[in-house]
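Got some structures for you, see below.
You will see chain A twice below: alongside chain B first, and alongside chain C after that.
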Partner chain A sequence: MKMWRQIGAVTGMNLRSIPQRLSTSLVIVIGIAGVVAVLVSVLAMSTGMLKTMNNAGRDDRAIVLRNGSAAESGSVLTRDAVRLIGEGVGVKRDADGKPIVSAEGIRLISMYKKADGAEVNVAMRGVGPKYQTLRPEFRIVEGRLFNPAVNELIVGKSAHAQYRGTNIGDRLVTRGGTWTVVGIFSSGGDSHESELLADVETLNSAERRGGAQSVNVMLDSIGSFQAFKDSLTSNPALAVDVYREREYYKQQSKVIGRVISVIAYVVGGIMAVGAIFGALNTMYSAVSARLQEIATLRALGFGSTAMVISVLAEALLLSCIGGAIGAVLAWLFFNGHVVSTGGTAMGQLVFELSVSPALVAIGIVWACAIGLIGGLFPAVRAARLPVATALRAV
Partner chain B sequence: MKYFKLIWAGLWRKKARTIFTMLSIVVAFLLFGLLQGINQGFNQAVQNLNVDRLYVSARTNMTDGLPYAYAARLKGVPGVRAVSHWTYFGGYYQDSKNVIPAFSTDAEALFKVYRELKVKPSYLEAMTRTRTGALVSEKLAEKYHWKVGDRVPIGTSIWTDKQGSNTWDFDIVGTFDSTAVGAGMPEFYFNHAYFDEAAAFGNGVIHYYIVGIDTPVNAVRISKAIDAMFENSTYETRTQTESALVQTAMKQLGDINFIANAIVGAVLFTLLFLTANTMMQSVRERTSELAVLKTLGFSDGKVLGLVLTEALLLCVFSAALGLVCATLVFPVLKPIFGEFQMPLIVLGMGAGMALLLALVSGLPPAWRARQLNIVDALAGR
Partner chain C sequence: MSALVSLRRVTKSYVRGKQKVEVLHGIDLDIQPGEFLALMGPSGSGKTTMLNLIAGLDQPTSGEVMVGESRIDKLSRGALSDWRARNIGFIFQFYNLLPVLTAEANVEVPLLLTDLTRAQRRKRAQTALQLVGLADRGKHKPNELSGGQQQRVAIARAIVADPTLLVCDEPTGDLDRQSAEEIMNMLQALNRTQGKTIVMVTHDPRAAEYATRELHLDKGQLAREEVRHVA
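== the complex of A and B ==
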């Protein structure tokens, strides 16, 4: 009990004297704010990307590719295969008894970014007539849906924001023809919003391509996935791989997501080491500025635990403030900041950086760790100080 | 120079503080060296790429492909030395994670276009004789313990053969030395004739024609001539130089330049604050000592010089240490980024940055020391 009172008293004294040592104290705050801001911003990139990819997946939908294809771009499915997949076990059927499936095909087209004119590959996706039933999250936000049999397409919200020539009425040239933009759609913030959509039959005939690349299927229930998968893989007329949609999209962004996280932690780690030295500096000078004060307290009978904890508490408080400032800076500058990358097999993926509460927590934890390490040695020094020597210096 | 001892003593007046400040500067410049080194290294590598090669792809998008028949017409363009081609195979070995950069090509012409790739004539001859033959880089052969004469099954994520299988067998007929070209280049070449005959679809498609030209000076003219030749045909072309091609590929990944600069900016700002603070503190503590120096006859300018030199010494020495560390770490990154060294320009930039840091952090306290009034300082006012 007495110890707690001591700790309270000394910590209070320390904190009240911070304004007198403002500029040295700011070293901890600013140093840690820098580390946390960089760490959180870079991690926000991979979080935002994963979020976009995860949104694209639902557990009651499955995607079927030719076996061995890592992604849609490398897959081909014949018309017969598409029909057989629709007849698989556990496929949900609409009111007319038709399976809710969409045979889709992607081709990459070159587009130019609005921001810097950089040329990038963007996916143009041909989709089947049941697309809207398959994807209830799909919504036209401007204009109208494309009509089949004419060269019309609609652009995703993110694609519209990022690329030139994606306004309604604009024309887009591919090898197979000239396409008119007739609408802009949203799709629940998923990766499809980075794409252009057209009717699959129209796209295939214009581009002189047969068949589809993937078949997307709505299942009866989440549980019927295994039955559906088994019915297809045991069918000798089919050679396909079946994935849950969510897993498929997660897989697509796995590599690049991991690369970004590694960069974040390596750069953040090196910066953190630098910040620890800064924190050590600050706390050592905080302790040495108060040598006589500490010695006097010790002479009065204050315990060394109280000294250690009071110094640590000060370091932690300052580093938490720094961490919070860093996280807020990252949030202010980068939350919702739109970037795009071509690190997936499906052309450019446009996504928003997302500073989630979990990331802020990671930032604060790092800040506390830095503060703790930076405060520990000076705290021990304060506690070990020989009282007589320190008092003589007065 | 005669004041060196004085400056040195000032610097080490508080050992712990100086060492911690030094270490944080070292860390910052290590980070600076790594990030800018990679960034500049890439830029330099791109600029040093061969300029006597052009890449011809479909104008709409590379994946659209070009007809095989274009090879003959490209050869006819004046100034063209040799024409070869690539088609992406999307290869992997055993597991789709073991990516094999495999491409179908016209091997004989390929080694005329890429003169820096070294291959034994006997291997090249075996390649033309063996329909299912493959030439692999020495690096790749070593990685998977392949020997000449081995038959290797290569999976593909794109192509199916006429039997409906997506695993193709190739006979390794030789190896080639690819050390002269950077990472990210094809390392597994096989005959286009075999590929074209055996593929179930997409027959005859070529993704890139690679055109070797007589002299780099003509690159622009020949590019224009090629694109003009195929204008308004079903398959329009786009011709790029090697560096333009690589730059486009890099841009697909995102703005690497911006990210590197933003991080370095944040690091340097943080550091500036830290060093400036240390210098300020150190001068404040020495107020009376500086006053004594002035009493002894040191001029205002000299005192300013002393303090500034101290900052300079601290920053430049630590920065140099950090850059040396970065240069030493650089070879570790080789497996990820391929063959490149710490660009000299980065070291130069680092030196400039260290000077700037010393000036910005040292000038305010040095100025304070210069303005010091002896009587007030000694009286502790």
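== the complex of A and C ==
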């Protein structure tokens, strides 16, 4: 009880004297706010990207690629293979008894960002006639669906927000022809909203290609996946890899997500080292400025533990304030901010930065760690101060 | 009567650079309960070092320091802190009040180390302030008080926990003549009416006249002693 009273009293005195040391105290607050703002913002990119990619899949849908292909872009499936995949065990069928599958192909086309005019590669996806049945989350939000056999396409909501030439009626020129934008679609906030969609046969014809790159399949149920996979992988006429759709998109985002996280922690780590020195300097100054008070309290009988904890408490409080400011800044400036980035096999991915409560918590934990490390040595100095010498130095 | 403070063969040396400097050489001293002792001597004679040893702020290099029943030269740092809280009241030359606290809160500080409740602590702090004639200044912060008033607050802080011993390091060193006299009268009254044992370091012969005994140190040794008969 007495110990807590000591700690409370000394900490209270420390905190009350902060206004007299405002400028040095701000070094900790601003330094740590900067670290947390950068860390949380970059991690928000990774989180937003993963969220978008993870939204893209369902467990009752499967994606089939040519054996050994890491992504759709490296896969080729013949028309025969597409037909055989549709006949696999566990494939859901519509009212007419036709398998709900969509043979799809991707082409990367050059587009320009609205924001800065930068040229980027955007995925134009050719999809089969069952695409809407396969994806109940798909909605036309403006205009209409493309018609087969004519060069029409629709653009995803995110792509429409990011790229020039994506308004209804605009024409996009690709290597294979000129395409008219006839609609804008949403698909539940997943990565497909970064793409352009057209009829796969029309796209293949325009690009003088055949077959597909992937076949997307609706399963009878989540539990049908293994039977479906086995039926394809055991078929000697097929050489394919089969993934649950959610698993596939997670896999696709893993590498880039990890790279962004590493960047965040490396940059954040370097900044944190700087902030630790700032905190050290500030807390050493704080201890020096209060040398008389500390020596007096020690002379009166206050223990060294109370001194250590009070200095650490001040460092922690200042760093938590800095952390909170950094997190709020990241949230204000970046939460919900739409960006696009390359690095995926499907060209540009448009996604929202997401400053989640978990990221804020990570930021605050970093801030506390910086504060603790920065406060530790000055705290030990305060505790080890030879009282008689310190009193004489006053 | 057995001594309240007893120093036996006390030496204290410091290492400055590569040199070992002995500040006190084999001091033997007894201070009786109720004494008001003035330690005098030129700068560097070792009087503050001796005061620090008696107050448990420092440890001797060799020898024994007994205060009451405690052999304080054998106590650990932590135990010495607890011992100081229970037994010593400090009065410093520059008052050493905590600037962010009011006078009353400053006086209350030593009581934070006791088991008293908040209300009891406040009451005792107010009583101590009353004793030094500053009952109406309790809500003022140190920078709103004169030097003499600050030193009176420091005296109230020194006596509030009813310590065994008051140690004063140049208590009038930063005060004008009139304030110095007020402070010395107050210390003398504490000694005479409440029986407080006081050990005071001073350069000022006028301040030393209030003491019942003067000890002169020179080059780390007791050089001269003067006992005064109380009127």
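Keep this in mind: the second predicted complex is superposed on the first by the 393 of 394 C-alpha atoms of A that agree within 3 Å, B and C clash if a C-alpha of one lies under 4 Å from a C-alpha of the other, contacts with A are read in each partner's own complex, and residues count from 1 in each chain.
Just so it is clear, a residue touches a chain if its C-beta (ideal position, glycine included) is under 8 Å from a C-beta of that chain, and two chains touch if they have at least 3 such contacts.
What you see is a predicted model, and the numbers here were worked out from it, not measured in a lab.
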Touch test for A:Thr24: chain B only (first), chain C only (second), both, or neither? first
Taking the superposition on A as described, I'd like to know which of chain B and chain C A:Pro136 touches: first, second, both or neither. neither
On chain A, which partner touches more residues: chain B or chain C? B
Is A:Gln292 touching anything from chain B or chain C once the two structures are fitted on A? First, second, both or neither. second
Where does A:Val76 make contact in the superposed view: on chain B (first), on chain C (second), on both, or on neither? first
Answer with first, second, both or neither: which of chain B and chain C does A:Gly336 touch in the superposed model? neither
One more residue to check, A:Pro148. First (chain B), second (chain C), both or neither? neither
Which partner does A:Gly177 contact after superposing on A: first (chain B), second (chain C), both, neither? neither
Quick one: is A:Ile270 in contact with chain B, with chain C, with both, or with neither? Answer first, second, both or neither. first
Of the two partner chains, chain B (first) and chain C (second), which one does A:Val38 touch, if any: first, second, both, or neither? first
Both partners, chain B and chain C, contact chain A at residues none
Could you list, by residue number, the parts of chain B that touch chain A in their complex? 16-17, 20-21, 23-24, 27-28, 30-31, 34-35, 58, 60-64, 90, 96, 155-158, 160, 164, 166-167, 201, 234-235, 248, 251-255, 259, 263, 266-267, 269-271, 273-274, 277-278, 280-281
Given the complex with chain B, which residues does chain A contribute to the contact? 23-24, 26-27, 30-31, 33-35, 37-38, 42, 66-71, 73-74, 76, 107-110, 116, 118-121, 173-175, 210, 239, 267, 270-271, 273-275, 277-278, 280-281, 284-285, 339-343, 348
Note which residues of chain C are touching chain A in the complex, please. 48-49, 52, 55, 57-58, 77-78, 81-86, 88, 90, 92, 94, 96, 98-101, 109-110, 112-115, 169
Inside the complex, what are the residues of chain A that reach chain C? 1-2, 5-6, 9, 13, 16-17, 292-293, 295-304, 386-388, 391-392, 394
